[in-house]
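The next part holds the structures, each set out as structure tokens.
Shared between the two complexes below is subunit A, which has subunit B as its partner in the first and subunit C in the second.
Showing the complex of A and B:
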């Protein structure tokens, strides 16, 4: 009996060791937070990319048909127009869609976004890079202004809550955050330029004034800013309100925490309590929202740029859609997706670095 | 003792704003003198105003709290006196922690969650330096280590830790160490052992005993734990509905309470030795501070109540004549009639 009882455990210990070890290695890698997040990020990117690929092709009309339609309006008969369009465009509408997808995917993995359809001989990357920096600049500047101003004012509002300053700014903030950015852009032109004549909208369209060449000089930067100021103001105005309100809520909560009372009881300097105790803890929960805001803002840029005649990615995107320039549409969507997905990732990492409570959780997880 | 009091509270009233034009009085007519080296317990039920009073002494009331009248005269280390309520912002900041420090309830959230414990010590030491003086990192570390060793914590382990990495007992010890950082004369302890398990409570109490013997600071501690009060206090004040209703030495209060409420509180505690008596709770519940009954606030719950009790609020009348604020005084018209024994109250 005794031998019988002892035998099975021995067997069990001996045999399953090698497979278990292998699984442990994989699960250990999987458990590393960053690895897990990266895998998710890549998966989401692939999903959006594939979805876009098939969706743009499901839109009625392909590039050839769109161009042929335009040519036929100039008096050429339809069959001829189609032939001409086919010749001038780098797109074969008769290739099987799965073959197209496979080619696109493998090219993409090599870092090749392909050629544009509408402008023969231009790579998609060149084409997009001509537009992208302008959007990045205007959206980035708008967002930085909104976050800095919003958080600053939100904190002051929380410190003076229920005072006149708070009441006034709370109302302004809710009003601002309720205005969609395209409406804000239109209001800006209408009120600022047409009614009050504060600025000359016509001269502010485009990227640069005539005769100004890109370069590292004050003239270029000044002019670039002059042309970007309307989009920047639009973005800043429409999202600052939201940041004020969330920051006020967050700070109000932190102000009632015991450690703030204790910090005051310890006779710490007001500046220190405000920054290291109240400020840091109030900003912490808002960090992830920055990434989300970025996505919404870039999405909104598409319409705002159209209204303000600012040639950024938004305009490029609209043009690409009307011309059914599939590779360009795909590239823009892909870039936006990657930007949002990876800024989420970065923000998450940043958050776990800023908040020691998350940090240790990770270390334990990774070490387990 | 027989020196000047270190803390002298007169006619103190603390209110909370509850609406645009309404307020409740959370503490009223509070008067006491605290002498150097004394340890005073403030006992009472939840909501009787004892924490409010503790916070008020350091002007740490929440945003809606006000101190419309009274004075809190404090005698500094250098012998000068000042009314805490009249201090300017910077004067008050410098006063806090270097003259009077406070250990908070449970200490669970007393530390900034995103800062290491060491940073809390550094912040405290740095912000109380005289103008133009600097402390080196080594000096700060040495002082912090010394303080942590005083409460029997391992500095090497605690200083680089984040608050969430410490247990409740360790945090409480660390907070006590932090409170002693600037050698304060007065230590206000607000429920220092609540939310800790019994053994940890015991070791914290021991620690406080030892530290007090070593440094001789004056203590005010706020508690609803009468056992703790008996353990740590040499004088006790009972609070009810925002008012001190009985005060005296620990012996006076625990062996010869002259206020029915104090007597009831003591009867509600289980004795550790002897037979288990039927526990006597005080009938009724504490009054809302917004709608106090006329006359004695305890009247409606009191078995000794008479018509004259409802006419006016009884004043704190001395029963003995002792110096140094140790006089036994009670705010009960029938102080002579109060019978303190478990049987009497439990029958009621």
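Showing the complex of A and C:
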């Protein structure tokens, strides 16, 4: 690395272009590429947002109708129920749809996500923020465990490749990666709780036990972890396999590189070669993949949270769909989209920094 | 490369797709095991129903009975035999999964090969479209789309799943077409002015049959993930016997806590998980056969 940084001044002496102008040009292209990617990201976000806006309104039944339906089941006649629903909800089903869209868009530009429909007086931001941290915590913890364990085991597999240990772990990894996460969660409970009785699933549902208040103390953190442990274990188990296989492939490639052979020939200690030469160079190509995985983090949690009765964004989303709470559905999809779009943007930036051919337009030779 | 060598390389020894698939599945133990599992489950779901008496009356006196000689897997809430429901319940979810995968692969092959072959503007537009679709988590799109219809047929579900999971495959098909396009035999076909459609369908696609098959297997996997997920969220209408609905019923009613009712959820759950594991084992072993470089890894 150090050699690379020092190299350019020597080369610039030979080039006919004056050094300063050349650097300006490069940085200009760099800036244009960044701007281009940013504009594209914003455009995609807008497109998805608009699509969601009209699609949720194309679902049969609006919020008023859903609530009226529920009220009329309690014995109120339908017309009365409709009036009552209309009064208790912050939604006017008769407003023209384009007017609604315009209001939504202009409010959004001011950073205003609007009010929820189903809970009068609650802003969408407050409502979503009540659920989001729990999902980020549980999925995030599961993912960190999966990546660390997966990369560690993947490296060991590459060192012992074609031995019994590698074969065993390869099969375990591909089996784990094949199990759908929500079915894995169910299997965990059926085996661990219903069959063997190792833990009590019913007390582990929800976010916190009754009587525990959020605060900076051991009781709160302990209880939060107790309730989050099933989702965390589910995510960790179902994600680890994929990372093991990816890391094994990456490490195997690095192990065949000349610089590793040279390092070994120079008599460097095995640990030093393993960490500084092999470890670092096999993790580096996976960094973009980690960023991509972060973007899809919340999307994968929707069904798992429903199965495990863990009140995170997934549950919020399903509830919002059944109640036709349009602003909440839109906000969740928007968050998911922004997460994916911007983690993609970060990946592009990382790649263009690691491989300059991308930003100078030779994307095809560099990519694919 | 000398000029004389070129004609020899153009006469590429065509190995049939079927023989590649056969080799890929038999050379590797776990791939073979996966294929056997998948075939057994398909057999249970599609041949099984013809071998049994499908009459399965509900009986109020036999609610949630434990497994016995009469009812090998016990009974359900309506007193119906669980084993019969298991045998009859695989046909629909597996069919939807396979149909959805066929649609996904069909869409991906058409879009991917056109984009990879013609490049230029077509390619740019196709890639942008797939990227945008990939941005929205597939499950979200499916949730909204399925709620848009009050009653939805199995075929419509398959179409929704197929179209929403297709973008995942487009990129890899496109990359494969792009690399095949540079090969000598395609170059030769192009020099003969065979026409793009014919080159794609007679020269390029037949040479990636095994590769398309791997994608097809992965697409079944994705489709079943999405389908069973939607059953578990209670978003799909309840029809006849169906593994997804059996799991949903048991989970939602809390019946899975009764030890004697455990087979009603555990058996369909295990069958779906085994099917998914079998598919992944098959696809991994096939990939190794198609790409010899992977074998050393």
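Rule of thumb we're sticking to: the second predicted complex is superposed on the first by the 310 of 368 C-alpha atoms of A that agree within 3 Å, B and C clash if a C-alpha of one lies under 4 Å from a C-alpha of the other, contacts with A are read in each partner's own complex, and residues count from 1 in each chain.
FYI, a contact is a pair of C-beta atoms (placed from the backbone, for glycine too) under 8 Å apart; a residue touches a chain by one contact, two chains touch by 3 or more.
As the structure is a computational prediction, the values presented were derived from the model and not from experiment.
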- Task: Using the superposition on chain A described above, determine whether A:284 touches subunit B (first), subunit C (second), both, or neither.
- Result: first
Message = Looking at A:299, would you say it contacts subunit B, subunit C, both, or neither? Reply first, second, both or neither.
response = second
Ask   = Of the partners subunit B and subunit C, which touch A:110 in the superposed model: first, second, both, neither?
value = neither
Message = With both complexes overlaid on chain A, does A:44 touch subunit B (first), subunit C (second), both or neither?
response = second
Check your understanding: After superposition on the shared chain, which partner residues are touched by A:337: those of subunit B (first), subunit C (second), both, or neither?
Key -> second
In the superposed arrangement, which partner chain does A:194 touch: subunit B (first), subunit C (second), both, or neither? second
Notebook entry, point to check: Just subunit B (first), just subunit C (second), both, or neither: which does A:267 touch?
Noted result: first
Partner touching more residues of subunit A, subunit B vs subunit C, is chain C
Interface residues of subunit A shared by subunit B and subunit C, listed none
Interface with subunit B, subunit A side, in the complex: residues 256-259, 261-270, 272, 276-277, 280-281, 284, 354-357, 360
Subunit C partner, complex, touching residues on subunit A are 44, 47-48, 52, 55-56, 58-60, 158, 161, 171, 174-175, 177-180, 182-184, 186-187, 189-190, 194-195, 248-249, 252, 296, 298-300, 302-303, 306-307, 317-318, 321, 329, 332-333, 336-337, 340-341, 344, 368
Contacts from subunit B onto subunit A in the complex sit at residues 58, 60, 62, 92-98, 101-102, 104-105, 108-116, 123-124, 127-128, 162, 164-165, 175, 178
The answer for subunit C against subunit A in the complex is residues 30, 131-132, 134-140, 143-145, 147-150, 175, 178, 221, 224-225, 228-229, 232-233, 247, 251, 256-257, 259, 262, 265-266, 269-270, 272-273, 276-277, 279-281, 284, 294, 296-297
